[in-house]
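Consider the two complexes below, in which subunit A is the common component and subunit B and subunit C are the respective partners.
Let's turn to the complex of A and B:
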């Protein structure tokens, strides 16, 4: 079997993309572009973490927003209560991750024994519970109104924050790539394909599902921390169902079971949201851009269930296969193998 | 000969229906036992009880003298009870090699390693390829399992079982649904396992003529009960078996007014 070299085409493309994105803030002085791209990075991280559940392990979770929200609130509250410094911000990311890890571990341990849709319902319920806590614990979270806070001095410059978010994205991407390529990652894919068979091979599938959900929760929390700082404001909307749905949408439109897919999906959706709502000034129908979005979503699920990346790679695979079988058929025509029915339909 | 697998009064009841009823058998090490019986006799259910997919409602299963009736399927596999499935049960979207590689990985107890890429475990990939050689699937290494023919999927199923390298192999109708041309290849594979290794094999089969020369002993299940257990010769000459299995009872029932 071929050992995968580090210099594959996809890795090269990825590096070139990363470099281009790193240069963007130095050549473009459009604040809007910068903010939009930062949002894409943040939601790209969230969507990748969601894909770890949906695309790699086959777990459908409707409660992913709670980890995003935990990260967002942890950072916001700590930056508000203590000084607005980078040190506090870093610590708050770590604390948010830890809280998410603990919560996802226990939730996973208790609920991942359930079959898929029961699990999905339960995650919905638990994230609803967390949302209520965030709403009612007013002394801490200021409830639905939310609160503003000062971002660390370093991030006052949008460009610095942009680069920081990009760096986080790249690091997470590399970690995830390594993770899904490891023996453990292969077992996760096996669980997605056929859980019962994986168990009969001697793998304790519950452990793997818990690991995947802890990892996804931790990374979602990081995305939440970044999100809060990018807005310098936090309220309960960070825990709402919309966040989970966004992540789901990005993953499905981009392509489940790939890492680059959710990133693409995040880009497509953030761009679409930005420009469609921008169009509303001229065409009032776009004030309801979410309707158009719903239609796109339905069409995508019907016609491209594998998403952008999945569909492209499938087409590529079919094309390669066709060339291969064409070559095989050529050799077959020269020597008809025994045991193949001839034209009369009889067996030789 | 030392007993490796034993069931004592094993049974399972679904509502009022006893799918497996009071089956007591004793299988020595390196023994090749075939299980036959008409459709619905409880053969696969019996397997499910041994492998842990179903929990027995009565009786016990012993593996190497240890009572494993309450153990999960995962634990039983790790102890050394591997099984194949009658309904093809592979990872459809993974390649043939990956299917077997996962089984080898489990055998090598590489479960939670994350720091290295899976292809850097050369030994595992090589092990998987050598097992695929045994079942003659090396020409399909990189094909998704869903695109294999039925016979090839059955071979893959056996390869995954072999890759686990368990002491006891439970083979549930390895030739089910196969065309006649494909059957000899599977039989060769099974014969190869029997000849070359230290394994105890339990085989469910419908085609009686096929297993007569392979088996050390044959047990007959009928309506969940153990009808007979003995050498192939004894089973062939057993009148109850002939009646039950070769259609005697059915014909009588059918011709009844």
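Let's turn to the complex of A and C:
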């Protein structure tokens, strides 16, 4: 097999996008844009990690918010209890990831043996339990009221935090890209396509599914840590169902089973949320903009189950295919080979 | 002793409320194998429309009837628009009905306003009896009775009548029943409508019990309904009743003895049951 060069068209496009995004804060003065883009990066990371489960392994999890929440709370509590320095923040990210890894490992081991819908419900129940713990453990979490804390000195400047979030996004994207292409990632895709067949080929599917769920949990925890620092405030809403729903919506609308899809979905939803809630000030009808989302989402599930990216790449593939067959047919018309193609034009 | 009896009555009443909600879920999820996360939305619509009619006409009976009607109509719409394209595909079902759930509960906020609405118990059922030192609230007895009646009716229909036979046969083998000349699509549509109407009934009966209704209650109670169906075992009506009572009693005793665990007790029961007996406590053998 030919070893592919790193400078493919898509990689070049991503590099250009990354550079443009990195330049934005130096060109634009708008604080709102900066904050909005930072939110998109954070939720992009979350949605990508969710897609690792939904799109690549074919598991529907309703408990993703608990890992997001664990990351957010770990960072917030540690920054609040000790001093707010970069070192503590880095350690808190690592601690959050470790906690999420341990939790997702045990949850996965216990529940991934079950059928898909039982898994969905069990994760829903367990994340409900974690939410109850967060609400009741008031000495640590201050319950539903939440608490504010000081962000590290380095991040007082919004621009620095913007660049940091962008860097995290790019690193996670590259890691995921490598992971999906690796033999391990291939097995995950095989599990999604046909679990029984993968199992009968000798792969222990449970192990692979647990690996996917641990990876997704760890990355979701990173997104949570970033989210807490971006708000400088944390309360139990970081563990609520809404976060999981957001991740789900972003993944579905952007395109399941692609890495760029969830990013695009995050961008679309955050922008729409921002502008529609801005419109609500003038037109009260937009106050319930969630309805519009719900309807778009239902239509997307029925008509575009592959999302924006999936549908586009399918169309592109069909178009390329057509051009290719047209070119081939043209060659064959010059020298018609007898007996290779039948009347319907299908190849034998 | 008095304490234990009161706790049992409270637990039974809560269990029956959960059963009323779960009865619809059992039909739709347990028998038809459709994961309808919009069930909570139907529940809230039942509660709001029923209470709206009750407030307008001063008659709780009319409120219940309106709730049943709303449930059936919404069930019709849901089945036709949302469920039909995704029969047999669980992941798609979860995703699409979740979207519909969002639409339903946001529509509640548009029509009835985003704030909770206080509800009073109908005068006939208000108040309580005193037996010795035990205070028995009338509405709780009413709910317990309603739960047992619903259970009896459905148990009878499903096991003793021809309609029940067709439904059970359709669940086992759709194509076969279709081949025998029965329009199984229409039968499933009716079953779905009945399930939705049951969800609405649960909603309107729940309203005076909890004293206030709000748009988010749908999701909370729908989760409870699913938990109960999963604990009881898919498709088993008696299992659902048993699990509902178990969850209700456990909740009521926990709330008294270990209050900080009371919110988590349902989840804990479900986790234990699913880990050790994934098929549920009672299971119906399926062909």
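Everything below uses one rule, namely that the second predicted complex is superposed on the first by the 321 of 348 C-alpha atoms of A that agree within 3 Å, B and C clash if a C-alpha of one lies under 4 Å from a C-alpha of the other, contacts with A are read in each partner's own complex, and residues count from 1 in each chain.
What we mean here is this: a residue touches a chain if its C-beta (ideal position, glycine included) is under 8 Å from a C-beta of that chain, and two chains touch if they have at least 3 such contacts.
The model shown is predicted, which means the values in this text are computed figures rather than measured ones.
*Asks:* Should A:174 be classified as contacting the first partner (subunit B), the second (subunit C), both, or neither?
*Replies:* Once the two structures are laid over each other on A, A:174 reaches no partner at all.
*Asks:* Could you look at A:295 and tell me whether it touches subunit B, subunit C, both or neither (first, second, both, neither)?
*Replies:* The second partner, subunit C, only.
*Asks:* Scan A:81 for contacts with subunit B and subunit C and give back first, second, both or neither.
*Replies:* The answer is neither, since A:81 touches no partner chain.
*Asks:* Would you pull the subunit C residues touching subunit A in the complex into a rising list?
*Replies:* So the residues of subunit C in touch with subunit A come to 35, 82, 85-86, 90-92, 94-96, 98-100, 102-103, 106-107, 109-110, 219, 223, 226-227, 230, 260, 263-264, 266-268, 270-271, 274-275, 278.
*Asks:* Would you tell me which residues of subunit B are touching subunit A in their complex?
*Replies:* 51, 53, 72-74, 77-78, 83, 85, 89-94, 97-98, 101-103, 105-107, 110-121, 125, 129, 160, 164, 181
*Asks:* Across the complex, what residues on subunit A touch subunit C?
*Replies:* 58, 60, 110-111, 113-118, 120-122, 124-126, 128-129, 132-133, 136, 241, 245, 248, 252, 288, 290-291, 293-295, 297-298, 301-302, 305
*Asks:* Considering only the defined contacts, which subunit A positions touch subunit B in the complex?
*Replies:* Touch residues, subunit A against subunit B: 1-4, 178-179, 181-187, 189-190, 193-194, 196-205, 207, 211, 339.
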